[in-house]
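As written, the chains take the letters A, B, C and D, and residue 1 is the first residue of each chain.
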Amino acid sequence: MNKMNMKKQIGFIGVGRMGAAMVRRISCSGISCVVYDKNIEAQANIPQKIKFTTNLNNFIESLSEPKQIWLMLPAGIVDTVITELKPYLKNGDTIIDGGNSHFTDDIRRANELKNDGINYLDVGVSGGVWGEKRGYCLMIGGSKNEYEFLEPVFKALAPGVSGAKRTQGRENEPSPAENGYLYCGENGAGHFVKMVHNGIEYGLMAAYAEGFSILKHANQGLDKTDVDAETAPLESPMNYKYELPLKDISELWRRGSVISSWLLDLIAQEMFFSEDLDNYTGKVSDSGEGRWTSIAAIDLGVPTPVLTTALYSRFFSQQSDSFSNRVQSAMRHAFGGHQEKNTLNGGEK
Amino acid sequence: MNKMNMKKQIGFIGVGRMGAAMVRRISCSGISCVVYDKNIEAQANIPQKIKFTTNLNNFIESLSEPKQIWLMLPAGIVDTVITELKPYLKNGDTIIDGGNSHFTDDIRRANELKNDGINYLDVGVSGGVWGEKRGYCLMIGGSKNEYEFLEPVFKALAPGVSGAKRTQGRENEPSPAENGYLYCGENGAGHFVKMVHNGIEYGLMAAYAEGFSILKHANQGLDKTDVDAETAPLESPMNYKYELPLKDISELWRRGSVISSWLLDLIAQEMFFSEDLDNYTGKVSDSGEGRWTSIAAIDLGVPTPVLTTALYSRFFSQQSDSFSNRVQSAMRHAFGGHQEKNTLNGGEK
Amino acid sequence: MNKMNMKKQIGFIGVGRMGAAMVRRISCSGISCVVYDKNIEAQANIPQKIKFTTNLNNFIESLSEPKQIWLMLPAGIVDTVITELKPYLKNGDTIIDGGNSHFTDDIRRANELKNDGINYLDVGVSGGVWGEKRGYCLMIGGSKNEYEFLEPVFKALAPGVSGAKRTQGRENEPSPAENGYLYCGENGAGHFVKMVHNGIEYGLMAAYAEGFSILKHANQGLDKTDVDAETAPLESPMNYKYELPLKDISELWRRGSVISSWLLDLIAQEMFFSEDLDNYTGKVSDSGEGRWTSIAAIDLGVPTPVLTTALYSRFFSQQSDSFSNRVQSAMRHAFGGHQEKNTLNGGEK
Amino acid sequence: MNKMNMKKQIGFIGVGRMGAAMVRRISCSGISCVVYDKNIEAQANIPQKIKFTTNLNNFIESLSEPKQIWLMLPAGIVDTVITELKPYLKNGDTIIDGGNSHFTDDIRRANELKNDGINYLDVGVSGGVWGEKRGYCLMIGGSKNEYEFLEPVFKALAPGVSGAKRTQGRENEPSPAENGYLYCGENGAGHFVKMVHNGIEYGLMAAYAEGFSILKHANQGLDKTDVDAETAPLESPMNYKYELPLKDISELWRRGSVISSWLLDLIAQEMFFSEDLDNYTGKVSDSGEGRWTSIAAIDLGVPTPVLTTALYSRFFSQQSDSFSNRVQSAMRHAFGGHQEKNTLNGGEK
């Protein structure tokens, strides 16, 4: 199989926020796209010139052979859509799952599809809303042949080598990794690497967040604190009388410091808009990869306390659980007669 | 100096919940007590036969020489009270701090008082509201001579050897440790050991609390969960369809299991009253020792991830900080266009 | 089905350390046991009067109907043994898995066996080497009918109500939970509760361990520490000059303190033998339940930072991974020119 | 006081790795430097044209008035050097501490020096060995007047606005923060912000390290694992059969991904040299700021589980403590008869 003929096209299922931006970027590169989405409103997100249909038959008929169908869907419905697709596919066709599937689902699906001669690639995609402009970082698992056939699509999506200064010693023609896409190994490898990528992301985000929170609270010594037996008073108020310029600090660290990063760029941007981040309440969602990363680490016996702790911080922020805390309060009451500070009935007596 | 003459007495400053119970237990043993508390209402907590005064002069005059004055006060006011007391004290008198002072304060105070020939003992006291009946576990730091002089008081407060089955191999006359009080070393050693005791307590409490919380949520598979891109749906609902009998489980584990403990006894008691612990909201206070334990561990380079994590769980429960979470939400919005699930204005659009 | 006829017996497969002790305890209660173990040497662990065979046919033929077969095997081989057993079983027979199976395996097995009318109970057993004498704490999942049929066996194994002081308010006939065994719910519930039990156990153990480690290192201020740019020197050596009596402290806390527990009893016993625990190197194994507990918590979105942290501490102790540390060292070298303190080649220049 | 006269110079004490590079960068900008270092060999690190002396008198005499003396020393000896310097200083002179002092020491020192009219600035410096070329990120605390006087020096050391793309919305003349230096507030504020910077750095580094460690171990399913009661076997070996190309992954993530950062650039560089990082053993030092960050967080009641966990991971890597693990092994032996896998005597029987 040769590398994808540039005249050929790619079918795309799911053009939500991510999918639509990817379609736009691919089509800019000269590869044609055919789009299927059940939601007619999704058409508004893609250029008029791109064929869009809400009818699966139409979609399939518009695809040249062998069919290359890229799914950009919530992980929870990928299996359903593959089941719908399967009757239309034949030997040599390919499904690419660009969503956030669990890598073990990739292994299972690839095995199931292999029986019918259908290829399956799992592609982890990073880049978020910036990807259309910056390019997407792509982590790919599956058959190497099929990867090579689709390489032009990956190259079109990826940022290219200019996205960062080249590493010292890397010369000559940039490798795929330097262009921003990489064949990682057999099925599941793409989403495995993307999963760990997101696990790291959780850790990085929590590290910045905790640091800025300390800076924010460095003014506590300016408050008056009450002394009672239930609250640990600030022991050294004289040490915590700083009103630190968070907006400027987030900007400062972007240059010359060890902790400069793209995430820090975003913090500086957000704090430039609103230093106190008043538009956010602090309920931090999590979407699967962070959980799977910790589970993989536990399976492997690899200690990842920072990544798991970052995940749990999100759980805490979601406040789905107060029972654990209630158990502790109950014990404190039982052994020490301690009253909670604020009871449901409006304060202790 | 000989062991305390049984006819002699002890002066007591501070008869709140803990102090009053200790005075009652001491006085039951035949050692007389003289009590000083600025709060006249505190007198209600102690037997009528015990001399009580709100006047410092009266208190001092009631004490036999050398004066033995036990402070049972919030850590934050101990220095103030010592300063008030100092003019009334002379060479050979003794202050015993039975509160929750930081051990470094003990070191400082002992050095300051030593210049005037005044003894200082730091005594960590565990036992809570049950101590009056069960006896108090006492951890003592300071001069060994002075410890020995006061040993009858410690013995009166402590549970005695009958409080637990003797360890195999321990025979003959029970040691002080077996009786429930222990000379731990120079000044600060008593509160240091008590500090670590409480640090461990935080860890134990959190371990039970987290475990019961898992049990409580094992019924999540019975719910319907929504599928969207922001929430990780329960991936295997079929595995989490248990309505577990928490009250019975807390009772069950008290016998024969590896995790039986006094804290578990309390959980079983509380769950017997109310299986859902509905009287508690889950705001878990912390009172100094837990913080100091982690700081000591950091000073010493000893990793104590469980103890510190337990402390941080209390911080989370106090919800004093949402800024860290807001920083994370801001990043998520910036890179992925993610909306928070519930905004301050009542939900996302 | 009536409660088990006392004249009937139970078949036992696997009489290693745990299994043999359980057989001895059951048979003491008057219930007869028939034992099958492939390892002839295992016979030495059980009384001569108990029928023992290394032949599966003999074992099966010795069982009265309906057959009750208790497996006490490593989790990894339970499925294999069930497959071997299945041809010999018929409608109404029962398999009891008393090992440490994952609760999801219980759900699967129970469903598979149900097709052939074979009952399956999952029983979590706590008690370790002390169970034979103290009694075992039993957590049971499966059909309630079958649980009731086997209740005499559970009662024989359990500690009975005398194992702990009754909870205030619990009067009249002790409940099963008070006797030390409990029907927890449908299949998997028994091992689920046991799993969380062990997860808590990991947390409790780590809490004590960390606390004693702080106490142990409280003498660091007595050392001379070097000052260089790579090591954080002890900043306040004057605060850490205690040689604390660990053996006595472990004994002390057993009486009157909030943290008294059976695990602490064991620590006191071990430190009585050897205060420095010199017989141990500190490589702490983990055996499944601790991992599964954290995975269940992650599945459920319940933050369990203490339990997972305790698990990771065991991973760290196993030192299976140094790659994470090498990555950090590489970064430190790259940005700061920092040399590792001890390199493979014998120290920095 | 006007901004520093460009003809004036700065005195520099301590030209180790960091200090020498800073002197070179400052002197390139046209500000003259005078250097004092007790170690004659240090002279080799700075240009010949820069005055260097090992004699304190000579150094002082070479400084123009008011004297501006920048210390670049290990935190542990700053107080000693200030004591040596003090007799030579007079009203209006300034000491700048550019090392890694604890911010509370800054507060103390500034107060002490103020009595003699001597200014004190605390300057946190980030940039490591790359700073000479990239510029240093500077966080400054103390009198604003004095900060302004020295601004030319800070500007010379800082990277300048070209070090990163400007944040959207920031236009006109770049602010100091955009140039890479910032006045953070009263004394201590500079080192406080630098401290938190390093705390964040620990968290970021650990997040990457843990992620790469998972990737590294994703091949565990290719091994044969033994089944015994003490080790949790890999439950799903079929899921972990990847040999992932770590070197390429570290390169890949530099472009287009959410986790691109300068630290990741370094990892890519190090893995380009040696994918397995064979030159490192994984003993990760810590140098004060990470500890102080966690202590500040605890003081303030701000939960920073990720930052503290990262710190503790370093403690674990230093393996200074095995006692905690020994306590756990002792308990496991006591309740379960568990043997450690590898004992000091060469393995269990």
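The rule is simple: a contact is a pair of C-beta atoms (placed from the backbone, for glycine too) under 8 Å apart; a residue touches a chain by one contact, two chains touch by 3 or more.
The structure presented is a predicted model; accordingly, all values stated were derived computationally and were not measured.
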- Since subunit A and subunit D are copies that touch, just let me know if over half of their interface numbering is common to both, same, or not, different. same
- Task: Could you let me know which interface, A-B or A-C, is made of more C-beta pairs in contact?
- Result: A-B
- Item | Whole-Å gap separating subunit A and subunit C, where each centre is the average of the chain's CA atoms | 37
- Item | Geometric centre distance via CA averages, subunit D-subunit A, whole Å | 29
- Task: Using mean C-alpha positions as chain centres, tell me how far subunit A is from subunit B in Å, no decimals.
- Result: 43
- Note on the structure: By the touch definition above, subunit D meets two or more other chains at residues 128, 206, 208, 210, 213, 217, 232, 235, 258, 262-263, 269, 286, 291, 299, 301-305, 309, 312-313, 316, 318, 321, 324, 335
- Item | In the complex, subunit B residues that touch subunit C | 103-104, 107, 126-128, 131, 134-137, 139, 158-161, 163-165, 167-170, 175-182, 184-186, 188-189, 192-193, 196-197, 199-204, 206-208, 210-211, 213-215, 217-218, 220, 232, 234-236, 238-245, 248-249, 251-265, 268-269, 272-273, 293, 296-297, 299-307, 309-310, 312-313
- Note on the structure: Note: in the complex, subunit C contacts subunit D through residues 16-17, 74, 76-77, 102, 128-130, 205-206, 208-210, 212-213, 216-217, 227-233, 235, 262-263, 266-267, 269-271, 277, 279-288, 291, 305, 309, 313-314, 316-318, 321-338, 340-344
- Message: Can you tell me which positions in subunit D touch subunit B when the two form their complex?
- Response: 258, 286, 291, 294-295, 298-299, 301-305, 308-309, 311-313, 315-316, 318, 320-321, 324, 335
